[in-house]
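So that we are looking at the same thing, I have put the structure below in structure tokens.
Labels run A, B, C and D following the written order; every chain starts at residue 1.
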Amino acid sequence: MEPIQLPEWTALGPALLLAATAIALFVVDSISPRSTNRNVLAGIATTGSLAALGVAVWFSMAGVGATGVDGFGVIELFDGQFVVDQLALYFMIIVAVVTALVVVASYDYMAGHTYQAEYYSLVLLAATGMATMAAANSLVTIFIALELASLPSYALVSILKDNRGSVEAGLKYFLVGALSSAIFLYGISLVYGATGYLQLGNIASVIEAGDAAAYDGLLGLGILFLIGGIAFKTASVPFHFWAPEAYEGAPAPISAFLSSASKAAGFVIAFRVFTEAFPLEATAGVIGIDWTVAFVALAIVTMTVGNFAAATQDNVKRMLAYSSIGHAGYALIGLAGLSADGGELVMGAAMMHLLVYGFMNTGAFLFVALAEHWGVGRTFEDYNGLGRRAPVACFALAIFMFSLAGIPPLGGFWSKYFLFSSALEAGLLVVAAALVINSALSLYYYSRLVKAVWIEDPVLERDALTQPTGLYAAIVVAAVMTVVLLPGFGPVVDTALEAAAAIV
Amino acid sequence: MEGVFDYAPAIALFPLVAFVVVLAFGTYLPKKGALPGIIATGGSLLLSLVMAAAVASGEAYHETLYEWAAGDATSATGVEGVSFTFGLLIDPLAALMLVIVSLVAFLVHVFSLGYMNAEGETGLPRYYAGLGLFTFSMLAFVVADNLLMAFIFFELVGLCSFLLIGFWFRTKSAPSAAKKAFLVTRFGDYFFLIGVVAIAATFGTVAFAGDDSFVTAAETAIDGGDQLFGFDAQTWVTITGLLVLGGVIGKSAQFPLHTWLPDAMEGPTTVSALIHAATMVAAGVYLVARMFGYYALSPTTLAIIAFVGGFTALFAATMGVVKDDIKQVLAYSTISQYGYMMLGLGVGGYVAGVFHLMNHAFFKALLFLGAGAVIVIMHHEQDMWKMGGLKDKAPVTYYTFLAGALALAGIIPFSGFWSKDEILYDALIVGLEEPVIMAAYAMGLLAVFFTGFYTFRMVFLTFHGEPRSEVAEDPHPVGWSIKAPLLVLGVLAVVAGIANLAPVAKLAGVDITFLEHWLDGEYGAIEGLTYTAYGELLAYETSYIGSEQVTVLVAAGLSLLLAFSGAGLAWLLYNKPEPVAHTERLGSAGKVIEDNYYQDEYQVWLAEGLTLPLARAADRFDQTVIDGIVDGTSTASLFGSDRIRRLQTGIVTNYAALIVTGVIVLLLVLGFLGGWF
Amino acid sequence: MTVAIEYYVLLSMGLFCIGLFGVLTRRNALMFLMSVELLLNAANINLIAFAFYHGNLTGQVFALFAMALAAAEVAVGLGIILVLYRNFRDVDVTVPTTMRW
Amino acid sequence: MLLETLLAVALLGAAVVFVAPNRIAGKLAFAISLVPAAISLWLFAAFDGSGNALLEGDLAFESQMEWIQFGDYAITWFVGVDGISLPLVVLTTILTSLAILSSWTPIDERESQFYGLILFIEANLIGVFVALDFFVWFIFWEAVLIPMYLLIGIWGGPRRKYAAIKFFVYTNVASLVMFGAFVALVFGLGDAVSSFALPEITDAMINGDGVQTALFGVDPTTLTALVFVAMFLGFAVKVPIVPFHTWLPDAHVEAPTPASVLLAGVLLKMGTYALLRFNFTMFPTDVIEPFVVPIAAIAVISVIYGAMLALAQTDLKRIVAYSSVSSMGYVILGLIAFTQFGVGGATFQMVSHGLISGLMFMAVGVIYNATHTRMVTDMSGMADRMPVAVGILIAGAFGYMGLPLMSGFYGEFAIFFGSFGSEFLAYAPVFTAAAMFGIVIVAGYLLFAMQRAVFGPYNLETEYEVTRAPLHDIAPMFVLLGLIIALGVAPELIFEMITDAVDPIIANGGDL
């Protein structure tokens, strides 16, 4: 129990801190627009994201949003437009972690670039949006938060204005994003039409009361369009098309940020919307079908497309991009496996996966950032023999790869196993089988990267590579966390399950 | 004398110590390791004699010394638990064999001083270590009190044989011969091992002697009419007996697994004398004698043993006729003689078989060592056509060799006559009742003629006539270390027959069949392992031509007649100053014989013409089909991957189209399932 | 006299389809962007119509939000199209295909 | 906590060596590896357990603690040893030390990484054998792949990349199959189990009612059978059993000598160990029964087919690799015989084959170090220049052939004896006799190779003088040879402990 009772609005502390940091960065930059003090900017951004992380962890540990005896209970703000429960805090933690890693890594990556302050503040604004998504409890706030996350992301992807790849990536991301958000908005309007409400809880009550029975087609179409919007954010098939290009063309830290944090944020709204607003049984009564069927199909197709497309890539970043799509497929199991009589196990497993993914995938992309910082090139062949020059970073890369492949003894194994086991328990034999097959395939291309850096001989002799502190620190922290999560997975399981139980 | 048996393990362990010492320090020892070997085998010989004396004083020894492994396994006959042990069984048979083996081993060690050391061979520690290990294994095999232990040392002597045949490993032929020797005997041992396993699994014991021996158990099972592994007990005993016989046939170089022995002559002649004539090859026959009680239970097996023995005796003898290499002649002669022993045992002539085993050990070791001496004299020339006239230049060698030859040819009164005659007599009396045995007897008898012929052809070509090469005119002198063993063995070859003058005994009615009494347990013995006990188990009927005496005379007369004819023919053809080859006269038959009836060819074909291509085909199958499926899976996946990534065309309009398509597909599927339309 | 809700929905759907058609066929980035605006406005029509239908203001308020967001989106979009033009000397969205497969 | 210490020493040792300078890495790793070896020998001496670890046996050095609770199932840290696992642990530690020693000569780049990986692999191998919770076991089981992948990939031969990735992906796919099947089994057990502790699951399978819940519409009996088959297939790749063996020759041939030593010596035993622990301990005999004859047939085919493949090879390492396939066939035969001698002999054979194949690979490696070729066709008369190494190679070859008084013979004999009289296996004598023919073929190909490679006139054309190997190459081989002979002369050294742990398994067969 806390000795001091904080005012209720502080429950959104992590998001607010991120927003404040973004504004602070603007302010600092406005004080002397002509000079750029990178240390100060990066310091502020790091401090802000770490503070947000600290607060989120603190809240989570202290029992904010926990429903138990020693918890504070779920905190609802602005008439239930926002809600801070364990789920929200859990995802805020993920977002904050990734943000912190990305910000630290960007210090070196962005060295020499213009628009430093803008860069950091856009990152933090996007993070704010994502943190807000975690707490949003109404389709309105969800949409706004989503846009708050998306718009800075478009800008961030194309921030390397003279880089054709970056611009192309930004364009594609933006166009697909615009289309998707339009579809999402249209879905919201249909759901609103069918139920008359935008707040999740109210929608559920209407459906449960059977008042929406007359609008089965409308509601069904609306739900389908909502799935579309979410699929865009999580980079799931068929809305994944932006991802390979955006991740490939964007500055690598941004790729890391988008593929980890943005995806997690996409999943949190998916989890919340579908559990809170569309109770499975009642919705099925209206639209005549379990919406989990859609997620089953999406999960299988997404993981298969992602993994298969990743298998033969030559460009490392693009391989990681497709792998990221594959992982979205894994996490979709969290929704596919929901059932009327519970499902916190499967959703919890998906949440665990997103946390671990936050470390290992961010780490992997940050390694790419490091490689871009060195200027060694982009393909597997360019990476050949890096292990001789930069053993520590490459060791970390091996950890990320094997963890992404989900093989022990790394954190990725646990979350993948829990997904698998809960899918089995949910009776999704086909999904579980697809998970296994795709994992087997993924091992091939992940180990290809390990092979490149550790096994292959360098194509040409390199000079010693620099060791940028920020990038190294971020990578090492991510790697250590990926390893430590193996023995220390117990608390993660407990937290994730509790968070999932909050909404299921 | 009872306490002396406590020292029995030392008989085998002495040479083992010598092996270790020589292996570790041989290079630094004087005589490069010969001395430890001589001392060890000498010690073994002394102890063996002491054991023999102890047995003569009425003792026998059967003791389990070490439990190798044990466990619970219920045998087919219902025995609970099994233990595999190392133990000693020193009965008259073993004691006799101990003396033979240690004596020959000792003499060969001494001989080696002249044959190997004096000739400046390199790698001598390896040689003496091999001899030591061999002697150890062979002695341990002899005293083994159970079938598994026997198998273990049976294999180890095979290893030593391999190592020693391949002593001159820098040549092409020696390693090849060593490999062949090991492989062919291994093929026999495969059946032997199945036999051991089968016997152990059937009876829960592998002991040779005592109440819990597998022999007793088998007897009980047959009497009780048990069903074992789906066969009636009698058949099963036959099957297992035949399986063990596989090892015997391999090791004792019986048809069809005899092909390795002639090749084994690539080894040093001393090794040939010790391993490939006197002792290791005898191991097979000894094993049959050792578990004779078991074979006695199965007339079928015995008949097969007899037939194989008789056939091999004739078969090998014919091949010996045309060989030009002195060692080759001896090698085929060895095969042939072991055929006799098998014949003897197969017709129930336990004493006769063992008797011939003993005599053969002496005279064949003598002949090989004599041949070794000749080879030294001839500066390592082995072709008899390049020799001649050595009679006067090397009298000791000549006369001892002649004694051995007379014994081998079965000329009265040399040792070989007595034992061979006894075998043929035993075969004849059984053969009068059993046609199969009669056929075996006939072949054995016919072989006597060939034996006489090739033996004396060898003697005449080597020692008589004029020297046919420069080296034969200027022979290399040999030292005492060569002469002394020859003399010892020469004396034995002449007089060893006294041990069992059965025909004399039968004709004159004098009780001078010492060996028979020895093996029949009149001194010390283990119950059940006696000639009489075996006789009771045997199911053979016997009959005589007229009376027993007449039969003895007929048998002896026939074999002597044939032996003399063979020797006489050799005298006619080859005892000339300048003998010429007569092989051409045999025509196409001669060609067949010279090529050893194509036995090597078909066996080599089995290995290289059939197995190897089969292996290569399997390898190709493995590389293409099985591995192809594995690689194909990965190729297919990667192909699929390549297709799927083509979805990503890079054109954003296509993406929008695909997104819309995806949504529509989902809409149609969900709508159809949900009944929205 | 009120127009039945179905007509609003049909209108918005028609608009949506027009927008979609534009998205699929227009290669000019600006046209693409305008088509997206059509899509958004289709949703807005729905929101407002349903707000009227359901008798609460949530939809109308949300429509305002949506318009503001659409404006922001256009701002970002125009920026991106600007740099697109600088880099590719064209605003055809099918031209930038350096990254594919 | 002794087992934890054992693991921790190896893991920390790996970390220390990883950051040590290349110059001293080899010696440092050897020194560190002596510690686990000493601990494991001490464990061996102080072993006081009895019975089978999974069947309510009295465990030695066990410890168990909470780890993760997910849904209805607890995952615990649970380790301990019994008579089956302890010999394998000792084998692992000793073989690792010796493998490190034998790497001093061939490994001349990135030493610290190499030795670090070796120690890391050692830790995981120990973990596989001591783990008693499914997840602890599986984590170590899979973790072995990574260092081996890198060892083959970085320090391997010309086709190392292909071999490494094939090894990695193939065995991992197999693990996934097995893993999925096992998880399904545990779910099928329903409320009967509350954790992934192997003894608990075994208890539910053997003494409890077994699988009672239908899963995915598959009835419990079929489900159990399917799981049995899937797990068998999963382990079959690891063992490997024909036709899942093709990764092995590639991996063996390309791997650097010390990795081959560990691969053949210990990694293959993981598969047979797991088969014993899972398939043949956890499943009641009536589940196994329908598969007995097919499995025995596969075992025999592995023996004969593997031997035939070995016969067709000219690369010494490839010969030894295929002969491993052949030898593992014996182990399967022993396991399926389901008698004390069969299963005990199979376990014995695991240890024995570990020592012998380790010895063979070392000997081949030493010759390779000197000649830079392994092709039988390229060599001739090596005995002339390297008498000691060749002598040991020959000794190893005879060990492989099952020469009596070397450990291989006892293993094979016990297997044959156990399977010949097996009442569980129909036509046991026929299968046994057929499998035994392997001892002829093995003699054939090894002697054939010896004859061509080490005997005959010396005529290898090298640009340098081929000389005797240094002591630190020879010494480990002598140690192995000593162990092989010691176990051959006195198999009871470990066989007693093994049978003690095997007996409860056999007892479960009831009145077979």
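By our rule, a residue touches a chain if its C-beta (ideal position, glycine included) is under 8 Å from a C-beta of that chain, and two chains touch if they have at least 3 such contacts.
The chain list, named the UniProt way, goes like this: A = NADH-quinone oxidoreductase subunit N; B = NADH-quinone oxidoreductase subunit L; C = NADH-quinone oxidoreductase subunit NuoK; D = NuoM family protein.
Every value quoted in this text rests on a predicted model; they were computed, and no experiment measured them.
Engineer: So which chains are sitting against chain B and chain C at once?
Structural biologist: Both-contact set = A.
Engineer: Can you identify the chain nearest the overall CA centroid, using each chain's own CA centroid?
Structural biologist: D
Engineer: Which chain pair is joined by more contacting C-beta pairs, A-C or A-B?
Structural biologist: A-C
Engineer: With centres defined as the mean C-alpha position, give me the chain A-chain B separation in Å.
Structural biologist: 78
Engineer: CA centre of chain A versus CA centre of chain C: separation in Å?
Structural biologist: 26
Engineer: Between chain C and chain D (NuoM family protein), tell me the centre distance in angstrom, where each centre is the average of that chain's C-alpha atoms.
Structural biologist: A distance of 64 Å separates the two centres.
Engineer: Measuring from the mean C-alpha position of chain A to the mean C-alpha position of chain D (NuoM family protein), what distance in angstrom results?
Structural biologist: Here the centre of chain D (NuoM family protein) sits 42 Å away from the centre of chain A.
Engineer: At which residue positions does chain B touch at least two other chains?
Structural biologist: Correct list: 634, 645, 648, 650, 652, 656.
Engineer: At least two other chains touched by the same residue of chain A: list those residues.
Structural biologist: In chain A, the residues touching two or more other chains are 171-172, 175, 179, 183, 244-245, 444.
Engineer: Any chance you could list the residues of chain D (NuoM family protein) touching two or more other chains?
Structural biologist: 169 - these are the residues of chain D (NuoM family protein) that touch more than one other chain.
Engineer: Touching pairs of chains, which are they?
Structural biologist: Every touching chain pair, ordered by label, is A-B, A-C, A-D, B-C, B-D.
Engineer: Which part of chain B faces chain D (NuoM family protein) closely enough to touch in the complex?
Structural biologist: Touch residues, chain B against chain D (NuoM family protein): 67-76, 82, 148, 151-153, 155-156, 159, 162, 166, 169-172, 174-176, 178-179, 182-183, 186-187, 189-190, 193-194, 197-198, 200-202, 229, 607, 611-612, 614-616, 618-619, 622, 626-627, 630, 634.
Engineer: Please output the residues of chain D (NuoM family protein) touching chain A within their complex, sorted ascending.
Structural biologist: Contact set of chain D (NuoM family protein) toward chain A: 66-71, 110, 113, 124, 135, 138-143, 145-146, 149-150, 153-154, 160-161, 164-165, 168-169, 172-173, 176-177, 180, 183-184, 187, 215-216.
Engineer: How about chain C: which of its residues touch chain A in the complex?
Structural biologist: Where chain C meets chain A, its residues are 5, 9, 12, 16, 19, 23, 29, 32-33, 36, 39-40, 42-44, 46-47, 49-51, 53-54, 56, 58-59, 61-62, 65-66, 69, 72-73, 76-77, 79-81, 83-84, 86-88, 93, 96-100.
Engineer: Within the complex, which stretch of chain A touches chain B?
Structural biologist: 171-172, 175-176, 179-180, 183, 216-217, 220-221, 224-225, 227-228, 237-239, 241-242, 244-245, 287-289, 293-294, 297, 304-305, 308-313, 322, 441, 444
Engineer: Show me the residue ranges of chain C that touch chain B in the complex, using the header's touch definition.
Structural biologist: Touch residues, chain C against chain B: 20, 23-25, 27, 93-94, 96-101.
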